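As written, the chains take the letters A, B, C, D, E and F, and residue 1 is the first residue of each chain.
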């Protein structure tokens, strides 16, 4: 049995994530999906809570031909203990899938096998791009996420929330 | 669609938990299993990491006729924000199942519906009792947990770990 | 102008506290009432939130002939920085009133003047004693607190809360 | 009895805050003044400690025709539990006054009534503008704050402190 | 070059610690002395600050024929990341010396070599015993520590401090 | 006996630090070298762990004619308690050496003597400049640090680490 770890913030989960996971399940029997910055929500970079993100991701994972664990991972302030933190929170995994240079560096220093999954049209399918489209009122973002994600964002008032938290009113 | 929350520390998951969950899935469509004190491990009260506990629970949940989410819940030091913390980390739920008086009190004050599941032979099926049997070298503990839990504890050297961390050597 | 600091947990505020404060206001022009363990609530030792305690204390302070600041003080885990923490959270004070040996020690080491107020019939007027009476169903506790405190506890369901959180249901 | 919550960082408290509070006390009987980012001090954005800010605000509140509670609120790192945190630290309130979009969003999601107070000549009366004037040596800032605030800042050496902490000397 | 790690709380450093270190420096070229619970002070179990403990230990280490690093180690609340935390705070080490079962278990699980140093008359030379003697007014404790430690404790008023913090005055 | 405190992040330790320390040891008998942001590592600003930095600094300190303590100092989030935190972690010191305006301000407010050491060709000898040279592939950085630092960075793969963590791959 072979298990892979795939970490992202999924703000929100999009078809690029889905394409990467489809590649990963061709290589491993089980996937641990680590939900990064789980404690964050209601900010421009992290509009959705961990619970909301789990609700968005879950239906999309059903289409994959593999057991998928979804584990919220709260940020540690210390990079030097982050790998130990992830290992303590997740079922044992054999290989890490990531294109994030810091994540790659930390797992490589810990002696883990790390693979860089091919990124699926990253200029289009990215959380940052999707959040910008939502903020700009560009309805095209709905075509970049699974239908279950679009309707979940709608249902929780996510569009208004993102717009509100992104307006700054310092002091 | 109806979703229930069931919270425990599962140190370890045992047949009493399994019996309660079997009752719960008769009443709801989906269950969020909240893994309390997720940050704790390597103590007499909390010998196993969150990841190890997830690995123990997962096979046992497959036998249940319901979608089950397993979510590690790190302790908050403040009871007054704990319900908000749990809600942020989990998919939305309609009813809480718990016999823990503090958990019941906090969710009742927050206006949630709380049900007290009938406890299955609690004097026998309890994490405390099982950990004591392991420490005493009483092999009977194996009959109180699902087979997958017994073999997982064996595999990670859990019996020796529990014995070692329970010996105190202050200063 | 002369300002004194008086620190307590006020779980709950009782007539012994009131008597001490009446002595203090004879010596200083203004009193800073520091609400210790402000983050704690819903435990046997600390049943009430900081906000609830402020609501209880406020009407009782009106009877005193001095300006009183009520400041919640969250516990710091480090005794060595605790005095600096208190000083940062409160208006400048000239003298500390306390009978708690640790509080006295920390302020004395910091070079502050510390006075030990005479304790008013401590065997009767103590938070611990009052919480035990409430738990035992002894209605006599109502005569040990100002009327505003008794009715505030009633109103928030404080008696049931204390009873519930004090029942332990480990595991 | 009707109680309102008004939250600000008050770095420093100025006549714009005073004007807003004067409007609020026309609508409610009591005001809880929440002092945000209470743990912060000695930075360009937050030069003054919570205790110093309380000392500045207190004399100004005496002119208002209402009971005012001043409560330091330490930042929580998690937006999703922030409303619960504020509620635990303050006497119960019926309505929130705020123009901060994040604060509004969080209280609206929690089902609270939120009112947006008319801001009093915000381009002139703002903490950011006042701190910039102090840094630039523009004495005009003194006319934007109550006299008690100006003299308190003077007394604690606040002008030099702000200038010193704003000079950066990385590494 | 061979480096060993030796961890203790050193409350206070005594001749038993010294004897163990003398054995260790026969086996390694350099010793990292990890000062556990570095954040703790002013309690019965941990009366002295990290800085005070460093001042006590330093002169005693000069007598040893090895380079000794003294590194304060703040407690992490999570056993599962503790080894990574220690490794991040200290120069690289080859072998761990400890008789603490939890420390041994954590380093063994991390794949490190752990040696159990012979304990030197543990019933006499123990921090707990020394603190008890100080509290009981038994002057014999002075013969259990290096002279530099006895005079350092004297100088900082450590005897009075320990007595004061050990008197409890709950509520 | 006279002891000075010198605080820096030492990312990495360079010949400018060395020159300052050489001046300081002319004025004091012992130096406490405080390693700031000790918890940070694997970032562009803080590439090296506290342990790695101690290993770099140690050989360089041997050349100085004074006892030097090297103490990792974890950041506190609260400036108002930072001086108390530093004092708790270090042997007692008589004078602080710093050119950092915030450090100077905090120690001056605490009533400590602060001296500003002459900075040695700061435009050349700065951690920021050295990290930029490493990132740009400019080998000249090796001449700005002691040889022991250059070889330590090499040995831990520090050049690659810095390059990897500085590439950003948000989302």
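Just so it is clear, a residue touches a chain if its C-beta (ideal position, glycine included) is under 8 Å from a C-beta of that chain, and two chains touch if they have at least 3 such contacts.
As the structure is a prediction and not an experimental result, all values here were calculated from the model.
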item: Shared interface partners, meaning chains that touch chain B and chain D; value: A, C
item: Fraction-based call for chain F against chain E, same above half, different below; value: same
item: CA centroid of chain B to CA centroid of chain C, Å; value: 36
item: Whole-Å gap separating chain D and chain E, where each centre is the average of the chain's CA atoms; value: 46
item: Junction residues of chain D, two or more chains touched; value: 41, 49, 78, 80, 87-88
item: Chain contact topology (line, ring, star, complete or other); value: other
item: Pairwise chain contacts under the document criterion; value: A-B, A-D, A-E, A-F, B-C, B-D, B-E, C-D, C-E, C-F, D-F, E-F
item: In the complex, chain D residues that touch chain A; value: 8-9, 11, 77-80, 99-102, 104-106, 109, 126-128
item: Chain B to chain A touching residues, read off their complex; value: 38, 41, 49-52, 54-55, 58, 69-72, 74, 87-92
item: List of chain C residues in touch with chain F within their complex; value: 76, 78, 80-81, 83-85, 87-88
item: Interfacial residue positions of chain B with respect to chain E in the complex; value: 39-43, 49, 157, 161, 164-165, 167-171
